[in-house]
Every structure is written in structure tokens, then in C-alpha cells.
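Both complexes shown next keep subunit A, but they swap its partner, so subunit B is in the first and subunit C is in the second.
Presenting the complex of A and B:
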């Protein structure tokens, strides 16, 4: 009886699950495995051409390639600048919105709009804002506020271009962090705040001792996802500087994209993408591990 | 309100205005530039408001360029992607949420794993696969891969919504002899239509804004989608920013409209995705 009941449950389950799973396996699972395979070959895209196995040669090539290192350095800088800023500003915005307030929904909507603005459009917009000569940012800094005396060719050299690219990353990321923090804040029981207030805790103390500990898991989640997002920076760099001038602003993905789709070096491109993945997983895991450890050791 | 409360209130409002201003001013600026003719040179921001504003750039974009073509391609691809993704993901999610069967753990594990794999790692093998399947330079190649890429997140989202529906309802229908199909179509789908709407919004936006894959596999100008087309407006050496931003505004308008119209579903989707971790 029980067996019959079970098999009656099973057959429709596969009918439900399989159609989607077939597409998913082809588009996602199979390419994941194949990425590693390609990176171990000198991949030849021409029909009928051989693609010899070259072992770790593509990886060795990367280690000896100064542009590879610079691209990872730029990606790391981007991450170190945008992740903390995005989280701090997102948290402040969420705290400001977590109150009875007129126009709350409107503020939330406006702050979220950069998130839904596509990367293509916002990259073009920031390329324009940070234009050389009389671009809006220059005009603001030189003519309006007089902070600097000469206009800057923002996208013309490595560090100033990174400033512009990071500015876009933060502008586009704050709303997302805000929305998730807001959800977490609203889940904090009101009684906790009331109890703390009765004990005479001021606003700052309540923030430190009640609010932040309650949203710790969310904080970790946002951090890990922002780190993954930070390493994935691509469209903004591709459309704002194209990795130039002279490969100065390459990030890992613009560089691997160029290797694969401009130079058709698919093996090398795959090796770079694999190293990036390992790095992302490593950093994300370390972050999770660290926050779990402080959680279990720290005060409850 | 005590004076202290009142001053906190003002500080709070002031800071929020600041946040909202920084978020929105660049976009307002974009709209203003799109209303200027011949904006080849980057106009000084102080002069954007001077002189006449006109809709000429919008007319040029719609009447004198390939833009309507791009718009139509994006619409067709996004609608097909949305329909296929929501349908496939909803069925898979139902199977995973309501049945036990061998291999279920493995499937759930793969879905979670692929959620964490950076999309770009897959770009090269996906390109080679599209080549093998003769899907390069085809709109179907866009749809097929968008469905696969969006599938994991949408399924993950739907499982959460389905688990929120009490099993007792299924049991009641089962006692009446309803098949799994009927339980899915006549119970689950009607009960969770807002969840399906949420999923549809994410699938639609995921396709509408997608740039990298479209850039990589589409060569034929008649098959380009909006993001690629918009980026091309700025591809020339002499960028006509008025034209570029008019195209951008037209591409962005539906997104903002969908977001504002379905804000509740949208916010719920972002939060469910986040808080279930």
C-alpha cells in the first residue's frame, strides 16, 4: 500500500521537474563543467581544428602576464571601495527610512531607481557626467564650487577613471542594500527597542546593542553578495573606458572578454574566469566563516 | 513632539532628501540632455536649462534610426523569455516543493550552486554551446539562454512561495481524487498568482536589460536588442549625447513603469530572495 502510494507520487514529480531542468542543465550545469575543461586546452574555434591539451599552460601564462595582475588589482580596488561604501550608505538610508515618516514610500522608490536603471544606461550616463573638459562633474568642481582649478580628464588615466567607475558602482548599489536592510530592520521586534528604551538606552546605544546585532545575518548576506557583485564588474568598465587607456583600467572580466572575443583565445579567457571564480568563492567563504566565528564567540 | 524629536525629524528628512537627490539627479540630467538638440559637445551643466528644449531627438530616434527595430526585438525576446521561464520554473518549483523523489536533493543543490556561480564564467562555454546548437545570431539563441540563466533564481523564489501554501489544501483535493496536474493548475497557480507576477517581473527585466550575451552572440543589425542598440548610439567618436540619452530614456521608461506599477511584488521578490538565505 505504502509503495503504491509512493510511486503514484513519483511519476508526476518528474513530469513537473524535468522540462525546466533540461534547459537548466544545458545552459548552466554543462557549461560550468566545460569551463574548466576549456581552460586546460589551447582552444581552437575554427571548425575541424584541433584543440590540444596544454595542461596548466594557460594558468602559467596568466601568472606571467602583468595586465592579468593589474586587472585583478583594479577589481580588488573596486571591491574594496564600493562594498564598504555601498553597505554603510545603504544601512544609513535604511535606518533613516525605518520610522514613521511622510513620503516614506516615495523616498524608498527614488533611492531604489538607480538599481533598476540598467548597467548600459547608467554607464553611458556616468561616462557623460565624468566627461573631460566641461563635463558636468568638472563644471561642478571647477566653476560652481571651485574645489579644483583645472578640469580633470577623468576617464583618461587609471586612478581618476577608477574613481568614476567606483562612483557608478556605489550610486547603483546603495538602493539594493537599503531595501534588504529595511526588510531586516522591520523584522526586529518592537519590544526589543522598547525594553532597551525603558532601560534608558539612547539612540546610539540602541543602534549598537539592539539593531545591529539583530540584523547581523543580513549584514553578512549583503556583504557576501556585494563582494561577488564587485568582482563581476564588467559593463561599466567596458562602456566607460573599454579597459583603456593602454589596458590601465582592465578588470578581470573586461580582460578575459577581450582575450576570448577579440583575440579568440578561449583557453586563456577561461583560465582567467576560473581563477576569478575561485577567488570569489574563497573570499565569500572566508567572509561567511569569519562572521560565523564572531557570532558564536561574541556576546549573544 | 518634543523639540528633540522634532529636530531629529528634520535631520532625518534632510538626509533622505539628500539620498534621494543624489540617486535621481543624474537621471533628471539625462532627461534634460535628451531634450537638447545637437548635444555633441558636452554642455556645461549650468547651461542645460538655458535655450529651448525640444523633442527632436525622440523623433530622430523613432523615425530615423534602427531603434524601433531594437525595441521590437527586445519586446519579443523579453515576452518569450518571461513566458517560458515562469512556466518552466513554476512547474519545477512545484515538483520540488510538493513531492519527494530520488535525485531531489541533487537538483536543489545544483540550483543553489548555480545561483552562486558568476555568470561570466559561463560566457565562453555558453558561446561554444550556442555555436554547436546553431543558435548564434538568432533571437531564439537569446531566449533559450536567458531562460536557462534566469531559471535558478526564479525557481528558488517560487519554491519559497509554494512552501507557504498549506499542504492541507492539497490533501483535501487529493481526497476528492484530483490528479497532480489539477492540484497544480486549479489550486496552486490560482493561489500564488502574485508570486507568478513577481517571477514574471524579474524574468522580464532580466531579459530586457541584458547586454553581454546579446553583444556576444548577435552580429546581424536587424536582430539587435535595445541595450546593444543604445550602447551603439555612443559608439561613434563624436557622441551625440542628446540622441544617446533619448534612446536611453525610451529604453528605461518601461522598466520604471513596471517597477512603479508592481512595486509591491517587486519589493517582495527582492526581500524573499534575500531573507531566505
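Presenting the complex of A and C:
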């Protein structure tokens, strides 16, 4: 960034940031602080009712609660599975569809359709696809291909249910990653590719040394956003398994939703939500910091 | 440089959180359908004060808001808004009812949010299992104190549904509609297999292998919550908590309760109950009975209207819940009508409650599948819909789920423990012992 004229632009810059900052404070900072406040009480939602201060009791409860840990574990697993897959597949799709390919608009649209499909509809669709017994996935695996001999009760146990939930996450996320990558790829100067080609670089080398470095910021952007989205997974789990069977597939938000809205334990629900916020904020910050550092220290 | 990088990272991370937050914002799905009062009461002579409230001057203009989950797709909302409310408004000049229809799945969350925001309406049609919970929050008006004629009204309804309004020393609502689950079977399946529809739990156990050999599940249900398993536990002579709702030990882990749950587990492991029973209550199973995939199910009167569309020629065979040592005991479902403590028009709200539980309104609702709570209409029910007969018979012994604010938590514990046992090692006795301890703890904390 050019440093010239920095002070002259400062005031208008703040003025432009202000509206966003106000909204941000209202819909993010205030609720977060409020959640922290609620989490320190045995919260009674009725207006005027007493809500005794309980200190860190709700946090202690969480630490001792095996389902709390499992929910964060599942959220982490979901994130670790869906984010790399989403990025890798999105990048491959973007690279393929950046080329002058016949019918590429159709392919782009097809890959993007899941993104604009409602989470509710796609969750119910995947619940049907992964149905026990005679669901289409089972039918394909058992009757059509014979890969397995007995149908799997996909949503009936933790790991198979997570497979189904992650599959939905990837299916729905690839198109979005592809779209962002496509935009970035189109901004890569053709001259760079031409120069590299003149220097004798093959396709693979050009990809590694020209394309990927040019879209590194985009890569960071997509990664950070998908990680945040991964931890915040809710609708798909809520509708496909409801966190079950026996709380095996709880993720942080389904679990805090149940504590708050089913059990009216808003103190505990807020404690979980606050911890989730801190975790996501920490991970995102660390990641941006790391990527900025490698950028400023790495070869320009 | 390093410092600014860190801060920039923080800012960007915060902005991203904001973006995500915006994407996942709650959507308010409650569709407001305001009923327009047909006659503008301002022009009319407001001297005819019919209610007991005496106002010095003219009749006060009052609007009471009524939240309900009557089905907007069937004729329920239509009957409410085009027939019942206009009639009530005609009988109570000056009172306007603003009915707000909320899908059932969203109503509870909307109510919870409204409690927190002090935005509750005047009258709510609440699922019977919510009433003690909201009463314990102090947001409901005890009708037994508000309405001088409460005892008469209470005496006219079935005792089971009435009990769902009981919390501590008062009644916070009146039952509006009721239902229960009975055993609904596909008669052709039984005829082809050469067995009878089971009248007892022992019968069911005996015929299950025959049906399984024929590739048919003997019985289908889609969850292991109290709504689903309590009929089996109660009919086997067991219970979930003691009568005072103070402890579960000795009830849910009694030999009778273990027998009731074990029956389900044994059927499940031999393939006589399909997998969906452990999958959390989201799968429809009515169709499987119509197609002969499942021999029977436990279900409410709405099963008839669900199947009527796609299977007009199919006829369900209803029978009582298979009996055990405790008889044939099913679970009470339904809706109560409650008045909120924050209502500014409690008298008008009480009038509306009176109207909704009157024989006239109850009959109108029964025509469209809402079984009446008035015992005097028991015979009329069967005239209206012959298939109500079994439900009416079953209601005589049906029991409500324990009326306690802790019920959602107890119900979740029950479901979780049973799912664990069913998909796990199948040690039902151990699971119910653990569950008893867990429920005792929940009850002690509440």
C-alpha cells in the first residue's frame, strides 16, 4: 500500500466506515456482550423475573458436560472435512471452467445451483438420500454396485451420520468457492502467463508459480469464511439428525439451541455460544495473522 | 507493521463474523393474518353490555390477540377466522379478535422470544406440554382464579386433558382439543399373514416373527420420546415418575417399565420395528402402513387425513393400544387455551376462552378433525367422524405426560438414553437405571 497522503484521507475514511461500524456494534458487539452477561446468570427469560448471578457456573457445567465437548469435536471434524474438500474441489472446478470450454456457463450454473438452494430443502433431500434401508444411496451401494452387502443406517450412528452431513456441506459449498476463485482467476494478468510460457514453464509450473500465488489472498478469504461457516453449521444437522441419535451428532449450535429454546436454560446456552464466538474469532484472527505474516515475509 | 497486521486481522475476522451472522439471521416465519372485524363497532349503539364487567361510559374498544397453530392448509384456520371469530365478535360488541397463525414448529420459539421481549399476546392456543412450563415462568394467568365459573367449565371436560393445565395450586388453562394415539393397522396385511391384530403386548410379541418372515414390520413409530414410548410403559404397568413428580427411581426403572421398553427393543432388534424409531421423530410413517410395508402404527386421528389424499380406497383398522399388565393406556395429546398474565384485557380474553370451549365452538372444530374435550360431545364425535370411536374409548384411560416444567428435559433424557441403548448394547435395565438417576437430578434441580 502506498503511504502517501495517508493523514489527508483519514477523516473521510472513518466517516465511510462509521455506518458499518454502527451496524456491526448493534448486531454483533452488543449481542456478544449480552450473551456473556447472560451466561454469568441463571437466566430467567420472563421480564422482571430475578436472574441470580452464578459466576462461571455455566462454564464449569460445560467443561464437565461430555455432550458439550462432543459438539465442539463434531463441529471441528465437520470443519476439517468440509473446508479442504470445498476449497480443493472449488479450485479444480474454477480452473477447469476458467478455460474456454464448450458449455462452461452451463457447468458453472450447475455447480452453483446448490449454493442458492435453501438449506432446509437440501437438508431434507439429503436426509431422504441417506435414508436407512431403501434410501437411494443405500440402493446404489447395495443393489446397483454391490459395494456393500447390507444397507447402512446412515443417520443411525455418529460417523456415518457425519459422513452424510459433511457430504451436504461440501455439495453446498463447492459452488461458492468456485465462484470466488473464478473471479480471482479472471483478475490474474494474462501477461504473467504469457511471460511464464515464454520462459518455458509448463501448465503445472504455471499453476504453481503464477496462478496460485496470484490468488493467494482469495484463498485466505475463502478459507477463513469456510472455517467460520463450518463451526457455525446448524440447519443441516438440526434437520438431518437433530443432533441424534443419543446426542452423537450434536454440533455447538444445535446443542446451544436445545439448551436455550427447548430447556429454557439461556444461561447455559449463552455460555456455549460465547465460547463458540471466542473460538471462531480466535481461529479466524490467527489464520489471517499467519497469512499476512507469510505474505509480508515471503518472496514478493 | 506487525502491530497493524494484527489489528487488521482482528478487524477482518470481525467483519467476516458479521457477514456470517447476517447470513444466518433468524427468519420470522410467523404469518400474521389479521381478521378484520366486519362491523365497525363505533357506529353502533354501545349500550348493550353483555359481559359482567360494568363500565361507566360506553363499551370499551378492545382488541385481543390470539396466537395459534391451527393448520392454515386445511380448513382449520378458515373455520376459525370465517366462522368462530366473527360469531364471538358479534356476541361481544367492542371486542375484536386478532388471530395470528403460526406454524406449529415455530410457535414455541415465538412464544419463548415473546416472553423475553414482554410481547406475549392475550390468548394462546398452546400444546398441552407447554402449559406447566410457561406457568412456572409466571407469564400465564391462573384461569381457576380469573374465571368465577372455572369449576363448571372444568367439570365439563375430560379429566386427562384438564390435568395438563395444572401447575402447583392452580389451573392455567382449559383444554381446547384433545387427541390420543391408538393402534392403527392395515387389515389386509393381517389377513394375508393369517394373524390377528394384536390386542395385547403378548399378542404382538407372538405374531411379530410371522410378519417379519413375510418381510413386514409388525409396528412402526418414528421416535423414542415420551409421546412414543409412554403408552407401552404405562400399558405394561410401569410409569416414568411417581405421582407427585418428585422422583423417577422406582418408576421408570421398575420391572414393569423395563418390560414395556424391552418389548419395543426386542421387536426392534428382530426387525419388527423399522430403523427410524431411533432417528429422532422426523420420518413420516403413515404411508408405510397404507402400502403394507408396516402392519401397524401408533398414531392420532390426523393419520386419517394424511392418508385420505393419496390412498382414498385404503381403510385403517383402529384398535386400542395393545394391553399389558397395566391395561391399555395411551398418551394424551392436544391443545390448551391460556390467557397471559400480561394481557390488558383479561375479561375479554376469558370470554374468548369461554366461547372456544363452548359446545357450539367445540362442535365446529370437531367437524374438521379437532376432537372435542367436552365429555358431553363424546357420542356426537362419533356421529361426526365414525373413526373417532376408538379414540374416544382410548381417551377414557389415556394419561397426560407428567405436567412439570422440566418435562422437555426429562423427555430429551428419555429419548437419548433409549437411543443409546437401542443402537448400543441393548441393556435396557441399565439404561433405565441411568435414566432414573438422570431424571431424579433434573427434578431436584428444577
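Note that the second predicted complex is superposed on the first by the 267 of 300 C-alpha atoms of A that agree within 3 Å, B and C clash if a C-alpha of one lies under 4 Å from a C-alpha of the other, contacts with A are read in each partner's own complex, and residues count from 1 in each chain.
Please note the rule applied: a contact is a pair of C-beta atoms (placed from the backbone, for glycine too) under 8 Å apart; a residue touches a chain by one contact, two chains touch by 3 or more.
No experiment lies behind these values; they were computed from the predicted model shown.
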So, after the overlay on subunit A, do subunit B and subunit C clash or fit? They clash
Task = Using the superposition on chain A described above, determine whether A:127 touches subunit B (first), subunit C (second), both, or neither.
result = both
Between subunit B and subunit C, more residues of subunit A are touched by B
Open item on the list: In the overlaid three-chain picture, which partner chain does A:116 touch, first (subunit B) or second (subunit C), both, or neither?
Closed with: first
Quick check on the superposed pair: does A:219 touch subunit B, subunit C, both, or neither? Answer first, second, both or neither.
neither
On the A-aligned overlay, A:93 touches which partner chain: subunit B = first, subunit C = second, or both, or neither? first
Quick check for you: in the superposed arrangement, does A:281 touch first (subunit B), second (subunit C), both or neither?
both
| said: In the overlaid three-chain picture, which partner chain does A:234 touch, first (subunit B) or second (subunit C), both, or neither? | reply: both
Worksheet item: Is A:136 touching the first partner subunit B, the second partner subunit C, both, or neither of them?
Response: first
- Task: Applying the touch criterion given at the start, work out whether A:246 contacts subunit B, subunit C, both or neither, answering first, second, both or neither.
- Result: second
A:24 contacts which: subunit B (first), subunit C (second), both, neither?
both
On subunit A, the footprints of subunit B and subunit C overlap at residues 23-24, 27-28, 45, 127, 131, 133, 228, 232, 234, 239, 261, 277, 280-281, 284
Within the complex, subunit A is touched by subunit B residues 12-13, 15-16, 19-20, 22-24, 26-27, 29-30, 33, 41-46, 88-89, 91-92, 94-96, 98-101, 104, 107, 110-111, 113-114, 116-129, 131, 144-145, 147-149, 151-152, 155, 179-181, 184, 205, 208-209, 211-212, 216, 227, 230-231, 234, 241, 244-245, 248, 251-252, 255-256, 259-260, 263, 267, 270-271, 274-275, 277
The subunit C residues in contact with subunit A across the complex are 1-2, 5-6, 8-10, 12-22, 24, 108-109, 112, 115-118, 133, 137-139, 274-276, 278-283, 408-409, 412, 415-417, 419-420, 422-424
The residues of subunit A that touch subunit B in their complex are 9-10, 12-17, 19-21, 23-24, 26-32, 34-35, 38, 45, 89, 92-93, 96-97, 99, 101, 105-107, 109-114, 116-122, 124-129, 131, 133-136, 139-140, 143-144, 171, 174-176, 179-180, 183-184, 187, 217-218, 221-222, 228, 231-232, 234-235, 239, 253, 256-257, 260-261, 266, 269-270, 273-274, 276-277, 280-281, 284
Listed in rising order, the residues of subunit A that touch subunit C in the complex are 23-24, 27-28, 44-47, 49, 127, 131-133, 153, 155-157, 224-225, 228-229, 232, 234, 239, 241-242, 244-247, 258, 261-264, 277, 280-281, 284-285, 288-289, 292-293, 296
